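Listed below are the structures to be examined.
Here subunit A shows up in two complexes: once beside subunit B, once beside subunit C.
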Partner chain A sequence: MKSILKSLAKLSLAATLAGVFAHSAATAEPLEIGLLTPSPLADVGWSKALADGLDKVKAKHGDKVKINLVENIQEGPDAERIMNKMVGDGNKFLVLGSFGYMNGGLKLAKRNPNLSFVHASGYKVAKNFSPFTAKYFEGAYLMGMAAAELTKTKKLGVVSAFAIPELISTINGFALGARSIDPEITVDVVWINSWFDPAKARDSAKALIAGGSDVLFSNAQDTPSVVSVAEEAGVYVYNLNSSMKEYAPKKYLGVVKTDWAPFFMASVEAHLAGKFKGQNQWLGMKEDTVVVEDWSSDISADMMAKIKATEAAIASGEKHVYDGPLVNQEGKEVVAAGKRLVDGAILGMNWHVQGVNSPLPK
Partner chain B sequence: MHIKFERRIEYSKKVLLAVPVITIGLSILVSSILLTILGKSVPLTMYSFFIAPFENFYSITEIFLKFGPLLLIAQALAVGFRAKVWNIGAEGQMIMGAVAASAVPVYLVESTSIFLLPAMLALGALGGMGWAAIAAFLRTRFNANEILVTLMLTSIALQILYYLLLGPWKDPMGFNFPQSVMFQDEALFTPLFQGTRLNTSIIIPILFTIAVWIFMEKRFGGFKLEVGGLAPNAATYAGFSAKGAVWSSLLLAGFAAGLAGMSEVAGPIAQLQRSITSGYGYSAIIVAYLGALHPLGIIFAAFFLAVIQIGGDVALVSADVPISAVHVFQGLLLVFYLATYTFVNYRLRIHRPGVLQSAKVSS
Partner chain C sequence: MTTIEFFLAGTMSAATVFLLAALGELIAEKSGMLNLGVEGMMAVSAAAGFVATYETGSHLIGFAVAGFAGIIVSLVYATVAITFLANQVATGLAVGILGLGLSALIGRKHESLTVASAGNVHIPMLSDIPLLGPVLFQHNIVVYLTLATAVAIGYCLKYTRLGLAIRSVGENPHAAQALGYSVPLIRYGAVVFGGLFAGFAGAYASTIYTPLWADGMIAGRGWIAVALVVFGTWKTGRIILGAYLFGMVSLGELIAQSLGAAVPSQLLSSLPYIVTIVVLAIISTNAARLKLHAPFALGESYDGSESR
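== the complex of A and B ==
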């Protein structure tokens, strides 16, 4: 017995060493790309969309790149050490999948000028550190048009993560789209202050339905909770990032999908060519990042034609969601007719348009 | 045949020493089985857990960065646990310490005064103590169970933190993100080594450990505290205060946890944000017990837990082990500790009916 144990111990030691050597040998060859996400890499949602984007990079570049995924990391002091370890393990291109990784990631970027970083939802830029954000409001506007046709109560409900400009501007886009069809429509918002809290998301969705909303929007929720509650209750629903149709086969309005592949591809290729340059990346329909699909068949052909025309106008830049006249919740005109809200004001948006009932959390 | 636990007349020293070894051994064994089921490499994971944290200097400084708050809080909790005051809300006291300390740099954004850090230390300690005092008051005045009160106060502390970050303390230039301004250098501890996060705050847990050790082992005060918790009536007869045991246990824990929270926001985080505790308030409970509630034992336990937490991060990145595996491992430690610790005071007696009968006959 003792000798068996001994040989087992030897074997495991050998395996350990082999593993370690194999690991360090492998780092010399391909470009290692590390992805850090705040929620589990489930079948759907934000983290999944990021991983999908990198999959396409892998598909194109094959053995030249290697993707390392580290999922479900809380946005706190430990994240910085984990990023550090990822760099230490040989990752040369990092995708930081949440705004809370910003300060730690930026420190790391400054210490490692030869590495490239892309960072989701943030606002700080460095030579080798690019924040990236999607213009979700472009897709949400189209969803608002569809919702306006299908709602009977004229009340739309949103379960939303954090009151950051990215999400606020998305809700405003939704409200503007709906009210472009029917100005009587109003929007209720519940802020749950979490990207991933299935129980809270469920409860909030139920509360919105009880309050009369008959189209729901799951805003930046990395769980299909809101979507499945809507299906059970028989109200329409849509979400961001990746399709959750399988959770609401009957009542799925569609998805405002993010396809990060074009952006990741360009960034990785820039890094490989030694030409990566940190800059604010704000990506929408024009860049093929925001893609709306899986449209519900309950939408009439007339409305669908209208939506498609608007989509083309937004993608070409002929129309902008934040074209005036824009009126805020207090009824004050913010942008006059014929004017367009400047980019900076959308990136830092901290007010709701008229028609959104709920105040912003203060 | 039936099995019975029999109380030992005197606790077994041999078992007491064996407890940590058996605990760690069983935890490794069970998590190895779980890892195998998950299809992960056990040797690589164990290597990541226990050896990789020592592989480079940065990683070693990170161990001590975690060691500090774990040691600080666990020492204070152990004093309370020995007096049978079950404060499991160190997490909340830590949050309130961090919040109170952050008031200084949040309101004095422009200040470069050398008094920023001392003021934050004082407010951090007071914040933690103030939060713990609520539980002490409710316990001594209304006999409210401090386990429930401290635990629930943690949820309230978290909500206060979230409120401040979404509202009055939000960085005005931070695009509505729920976090405060970055603190100025004068409001931060100085790093001990260039490029690391380990800073001068490490001195606090060390001084605190020495103080607790002297108090508990060498002074009459420690004895009074224990009697007050163990036998309130006896304490009253002897002229010690049972209420005093509750108050001093909780205030001590609040003091330590508050300082730990302050050291986090004035250290590696450098701002107030939503997650600041890294779960130290809960992990410290495991540390206190794993260290057998003894000041010296706690030093080793805190170091051990710091290593496996850093090791857990390594395993996550290098061995592709999910973060929950780290939490399971910590949970196993506590469960096996409690299970094996029973044998310090009890022994297992197996009664076989046959044996008993023959014994009767012979008598």
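== the complex of A and C ==
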């Protein structure tokens, strides 16, 4: 027994020494970037968009950076444990891919002032902790314009995850875009109250189609469930984050893609230069983060020209999706003509614009 | 397809997932084995069945592989809980969690891929009747086979020697042993049957109902199946009704929303679970009635000794 203990002690001493040496040798090693994602990394979807963004950073900086991916981590206490481990493993720049990692990540950031953190969809900021969000509503507005031309029933349907401001403002953008072309159009929304339930998303899409919607919007669904239902039923569909055209080759309206590469690139370079500064990063077409592509060829050239002109106007800041006059579901004017909704009101949006039929779950 | 047609027809296909899994669990519980690992067995089979269907293009092979996968997982449970006499609840939970992890591993390379859904039957004349046609006679063959199997299982449990053997093992294993039945053998058989049907439920979910694989897609349906068995007080007819009721409730929520009903969607989302609790509460008001229906030796290990 004693000899076993002794050899164990020796072993652990050796391990410690090895660790010390490894650590001292690490100074010239690449910057380790840790990415934590809430869903498994697939060919499509949110996690994939994040990973793609970092791939471009890797492509530019080569051996100077190393990317460590930890996927499919549930939000909650376990995520905090894993984040701690990632920091312990030597990651110096962390990309936290989900809203629910916020508080754990923030604690970690305060404890490790030399590390830099970027965090998806959150609202808390620290010296070395930047939340980042995409202005999806800018892309959704353009999709609304295209949908307005292609719909015959004048009914659009949305399958949506949770009623949080980010998703609400995206639906409103879609409705505003469609009604800018044809004010008779209305939008139905089904909230499935889950980030992840493909069967429910599929049934919701079918219910919307049965109710007369002939253009669907898959809002924050990471699986192609809604997209493939639309193709089967022969109605148009678009989604966010990454293209799912291969799941709906005939009926794909397009994708509101997020390209995180420019933001990640700038943040990583700032970190390398020791100049990373935590701030709220709300990124849209102007920053080349929100990109709309894979447009359906069924959209007429006239409409396409209109869409492109609007896209340019939004990117330049000349036009804003939430320019007045804006009227809410009850028919009350929220923003007068000539005024613009302030950023804070969009980030905390809890009301639907006129034309959205479904009541907002409270 | 109108909304009402979709509602009724959708109920039938949504119910099939619950019904398949619940039938398997019913047989296992009738033999006295409480297997709480249904969710995990379904997940593993859904992944395995999807991968097989994706690679071969055949739904039949997908179902076979899924059934096999369900059997394998159920054998893990059976070995630990029957041969080694471990606590059934703990073993079932452990196997369930193991299954969820395993499913992610099996489906890793096929995350978010899709397969073509198997076609639906088309019965001349019947399928073309307005309303009734699309609602009753345009489903996938599995929907009908499941119903037929449910009826067969109900008959088998009630009227056949095999059914009597399964029930006697679940009610009083000592007496069954004394009559010459091998308790472990029958329990193994019942658990494996449960695994097979959880496997079919998984394959139905991942290749027909929602023809795609994504980690976590079973999303609690295995648990609903377990609840359904209690809900149906271990009676086949009531379980069929329960499965259809659950299918209807889970779909009704989405349809109510798409029609713009002003009901909070969070409340609607929790309806299936609320219904379960309410019905369980109603059934349990009469404790004697619940006891009368529950297999008497449910959840008890049997070590072959003469008396307890």
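The criterion applied here is as follows: the second predicted complex is superposed on the first by the 334 of 362 C-alpha atoms of A that agree within 3 Å, B and C clash if a C-alpha of one lies under 4 Å from a C-alpha of the other, contacts with A are read in each partner's own complex, and residues count from 1 in each chain.
The criterion applied here is as follows: a residue touches a chain if its C-beta (ideal position, glycine included) is under 8 Å from a C-beta of that chain, and two chains touch if they have at least 3 such contacts.
Being a predicted model, the structure only gives us computed values, none of them experimental.
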| item | value |
| --- | --- |
| Which of subunit B and subunit C A:228 touches, first, second, both or neither | second |
| Partner chain(s) touched by A:111 [first = subunit B, second = subunit C, both, neither] | first |
| Partner chain in contact with A:332 - subunit B first, subunit C second, else both or neither | neither |
| Which of subunit B and subunit C A:60 touches, first, second, both or neither | neither |
| Contacts of A:76 with subunit B and subunit C, given as first, second, both or neither | first |
| Which of subunit B and subunit C A:168 touches, first, second, both or neither | first |
| Which superposed partner A:84 touches (first subunit B, second subunit C, both, neither) | first |
| Which superposed partner A:250 touches (first subunit B, second subunit C, both, neither) | neither |
| Touching partner for A:193 - first (subunit B), second (subunit C), both, neither | both |
| Residues on subunit A lying within both footprints (that of subunit B and that of subunit C) | 72, 163, 193, 361-362 |
| Residues of subunit C touching subunit A in the complex | 1-3, 5-7, 10, 14, 17, 104, 108, 111-114, 117, 205, 209-212, 214-217, 219, 221, 250-251, 254-255, 257-260, 262, 264-266, 269 |
| Residues of subunit A defined as touching subunit B within the complex | 12-13, 15-16, 19-20, 23, 68, 70-78, 80-82, 84-86, 88-89, 99-100, 103, 111, 123, 162-165, 168, 193, 347-348, 350, 361-362 |
| Interface residues, subunit A side, partner subunit C - complex | 39-45, 72, 157, 163, 188-194, 196-200, 202-204, 206-211, 213, 222-225, 228, 232, 247, 357-359, 361-362 |
| Contact footprint of subunit A on subunit B as seen in their complex | 41-44, 46-47, 56, 58-59, 62, 162, 166-167, 175-178, 182, 195, 197, 264, 268-271, 273-276, 278, 310, 313-314, 316-318, 322-324 |
